[in-house]
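Here come two complexes built around subunit A, the first alongside subunit B, the second alongside subunit C.
Presenting the complex of A and B:
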């Protein structure tokens, strides 16, 4: 019997293709900028660059783990091996054609990485991981095409803004102004870390993409962009899920093998 | 508690012009718009609304630190100081007019003023958006 081949996501329109692209671990996402690891660590604000990682339990190699067949089967990630703390980074994506949206972030993380604990809400998407691995993941997420300096925010608290109108410079609203627009260089600069503690030095995350470009690679279905109702397969898939859930709760005996 | 508007309640529903901006306006642009609207006759009061900018950071590890937001400042409108605590999204301009012709001419003047000062665009409409007489809420608070 052939092994199950993942199909990831239905649909033929550009947001559906973008969703498949982000979810498929074989697709390598492009890097649009290079923010240094030290700067990423400063923005996250959990430790100072150069500091040692704090640990919450002794390294696994010391052998104090109890006997367990599952522990033998699962290979620990680097952070787990050293006993790191679990820390977080939280992204907010604007509804105005941000490259990716919270639920697709969750699918992407779980599809591509191990050792991830992710939480999805309408306005924000948080990812908790062992500190060492989180930093690698955070750098990748900030460097690659899922991050747009103007429409994606790295916000640990008070995330309000994903559904607000953009401001005059095209940036997503942030009540605590963690990032500002540099009119000379036309770049977005982080002046505070993700919980709004002011940074010692400003960190540039580069130029935002144009709205035309974003509209082509967004994963968001919008009435003024690509409407979900225009993509028949995605609509069918959504309706089927709701139908089966309702029928399964109401008349489970009527759920035939469909 | 809801802030009371600038002028006393009119008691009758005077027309209000809603200028709804396409983008959230910063302090500088708001200043330009308000100064452009300053000289227009028959305007009784202008209420603004938008996304609030707090004075201090309210939660998290930075709680209590001052929120140094570049758009939260005092602007000068027609010689008076106005403290902005919002990124302005819409203006509600209450007009003291007697008939439809006066209303139309004032709306045209407002439109001209906004076109000059709001380059990113806006939608303009006339209606009634705020309270014009005391309600049970005001009675309770007094």
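Presenting the complex of A and C:
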């Protein structure tokens, strides 16, 4: 029997392809900006740049771990080795053609990273991880193509806005105005951290992409973009899941491949 | 409301009232509206809180604490299929006395049959029961039920002004018997229901003579839901003793109390202690019971969709706002979330569109065979796609339902209602609900919140399952069904599904004909034929509830 080859996601349309790309750990995502690690740390607000990581337990090597086959099997990530706290970064993704949406984030994180705990809601997606590993992930996610300065928000609390109309500069609504439009540079500037504490310095996350570009890159199916029903394979896949689950709970003896 | 025309969206009026931009515009302005001061309600609240803080000497509510409110244009909310607009604050169940009364009227209702006590009186006690004695008993019980004394001479009684809403009426499928009873105490099925519905109800009820007992609202609030049948049992027993001249200490009297407590119909079933509430509380109301409380399809029999939408509205208010809004949340509750299902004519638009679609393409109501899964999924796909597309084509609608859970509920409710109406089977509707949820997630890459998504992503498998802890006919599911126990925001839509199936079939009731008739009673404080209108009146502060204590407060 041939080894199973992961397909990641069905479909032929651009949102389906984007979903596959984001999930496939072999695909290197494009970096569109370079926000410094210190600035990423500032926006997250869990520690000051240069400050030591706080720990919740001694380094694993110093402690006495109980005899456990799973511990032998799973190599700890760096933060776990050092006993780091688990901290978070949370992104809000606009419905208006944000590059990625919450479920795709969860699928992407779980497909690409170890040691993550994700939570998915309609507008936002939180990822929790040991702090030093989180910072590496956070920088990747802010720098790469899944982030758009106008349509992706970094928000710890008061996260709504994903379904609100865009402002006159094309920015997603944020009740705390953590980011603002710099009209001179045509860039988006963070002025508050994730939980809306003012930053000591303004942090640019760069220029938003054009709506035309975003429509080509997004993972979101929309009637005014690519309609899911125009992707026959994705539609069939959804119907199949529903049908098989229905039959499985009702007449499992009649379940046959569809 | 007329069926949705293809070129005229029912939500347009509300969208235009909410936003100055065109409903199709994707852009607007923010942070320039003056914050919370653009809201009349918030201004009133702040003034009131300031006065309270001054009086008590320490701070109270302060609209300037926390996130700046009012960064967006402050949206009013239209109560669906009415011309009433209110603010979101007006729909919070703590602020809206109509919502409170809807729940009060449900909780304080207990249905107690008279057949068993009459057999005891005739066969065991050797006394005759006639229409005249029944009328005399009803006059007596309408004295005792509000808290009047009949047996001991030196008793404290309840102040009538506090318990004015308490009474007992009877109904039966036996027209001959009903004709003989004092009309003041009768819920007249023939007068209140269209002829075809009356015939169905009378056939289902048969010769049973049923009492619709309304204990005082204040009793339900002061004690609890489980107390209602106890209050009724004592006062019914006293009325029997007095009107039939029975011995107060005789063992046979216990039969009256027993039948009133244990052979009666409470509105809510028992709940596990971990669900916070006791017996006869909102989490125990099966969907079928809630459907039968709603009376729109009695008053507007040619508009079955309206009855369905009103059921959704009542479910949102009672299940999602009053019950889960307290049990799972408290404080701000689930107002914003739950009211999406009964405001701004968005669900209305989707449901009336579905009705048109069913009539045009799917053989009309009950025209689809319930075992035709392929057709069912095709309809579900079409309805759900329409609902989701409206959010995408009309950013004003998207922003109105700015929480994904709101959109998920409303889209799934529409799809479920459509499946139920097309087949006449509630479980088919439920299956469509879950199709909607899976498609919604797949299409948009988002759905509701963690707990919400959990139930919805496994629900396809239990939509037809009849294994005890996995499946039940939709009519007898409710918030007590294991997977729905913390399914906030869903319960309104779920409740609409069995109503849709039975409304499409032309059924006079969904689960219980007695409940159906009891809530047709015009003496109820809340009008269950006009749910959104009543809630709107509550929001406008025009609704007058029962059980107020002003009669015993000086000043």
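Some observations on this one:
Following the convention adopted for this analysis, the second predicted complex is superposed on the first by the 255 of 258 C-alpha atoms of A that agree within 3 Å, B and C clash if a C-alpha of one lies under 4 Å from a C-alpha of the other, contacts with A are read in each partner's own complex, and residues count from 1 in each chain.
In this section, a residue touches a chain if its C-beta (ideal position, glycine included) is under 8 Å from a C-beta of that chain, and two chains touch if they have at least 3 such contacts.
These numbers come from a predicted model, not from an experiment.
The superposition on subunit A brings subunit B into a clash with subunit C.
Once chain A of one complex is fitted onto chain A of the other, the partner contacts of A:168 extend to both subunit B and subunit C. In the overlay built on the shared chain, the residue A:197 is in contact with subunit B alone; subunit C does not reach it. In the superposition on chain A, contact is made by A:104 with subunit C only, not with subunit B.
Of the two partners subunit B and subunit C, it is C that touches the larger number of subunit A residues. Of the two partner chains placed by superposition, A:146 touches none, neither subunit B nor subunit C. With both structures placed on the common chain, the touch criterion links A:158 to subunit B and to subunit C. In the superposed model, A:92 makes contact with neither subunit B nor subunit C. Of the two partner chains, subunit C is the only one that A:228 touches; subunit B does not reach it.
Stretch 20-28 of subunit B is the one among 20-28, 38-46 or 110-118 that clashes with subunit C after the shared chain A is superposed. Overlap of the subunit B and subunit C interfaces on subunit A comprises residues 158, 160-161, 164-168, 173, 175-177, 196. On subunit A, the positions that touch subunit C within their shared complex are 93, 95-96, 100-104, 119-123, 158, 160-168, 170, 173, 175-177, 196, 219-224, 227-229, 234-235, 237-239, 241-243, 245-246, 248-250.
Looking at the complex, you find that subunit B touches subunit A at residues 21-26, 29, 51-54, 57-62, 65, 67-71, 87, 89, 120. Note for the complex: subunit A touches subunit B at residues 45, 156-158, 160-161, 164-168, 173, 175-177, 180, 192, 195-198.
Put simply, subunit C touches subunit A in their complex at residues 21, 25-31, 67-68, 71-72, 373, 377, 381, 385, 388-389, 391-393, 395-396, 398-399, 401-405, 407-408, 431, 434-435, 438-439, 441-450, 453, 458, 460-465, 470-471.
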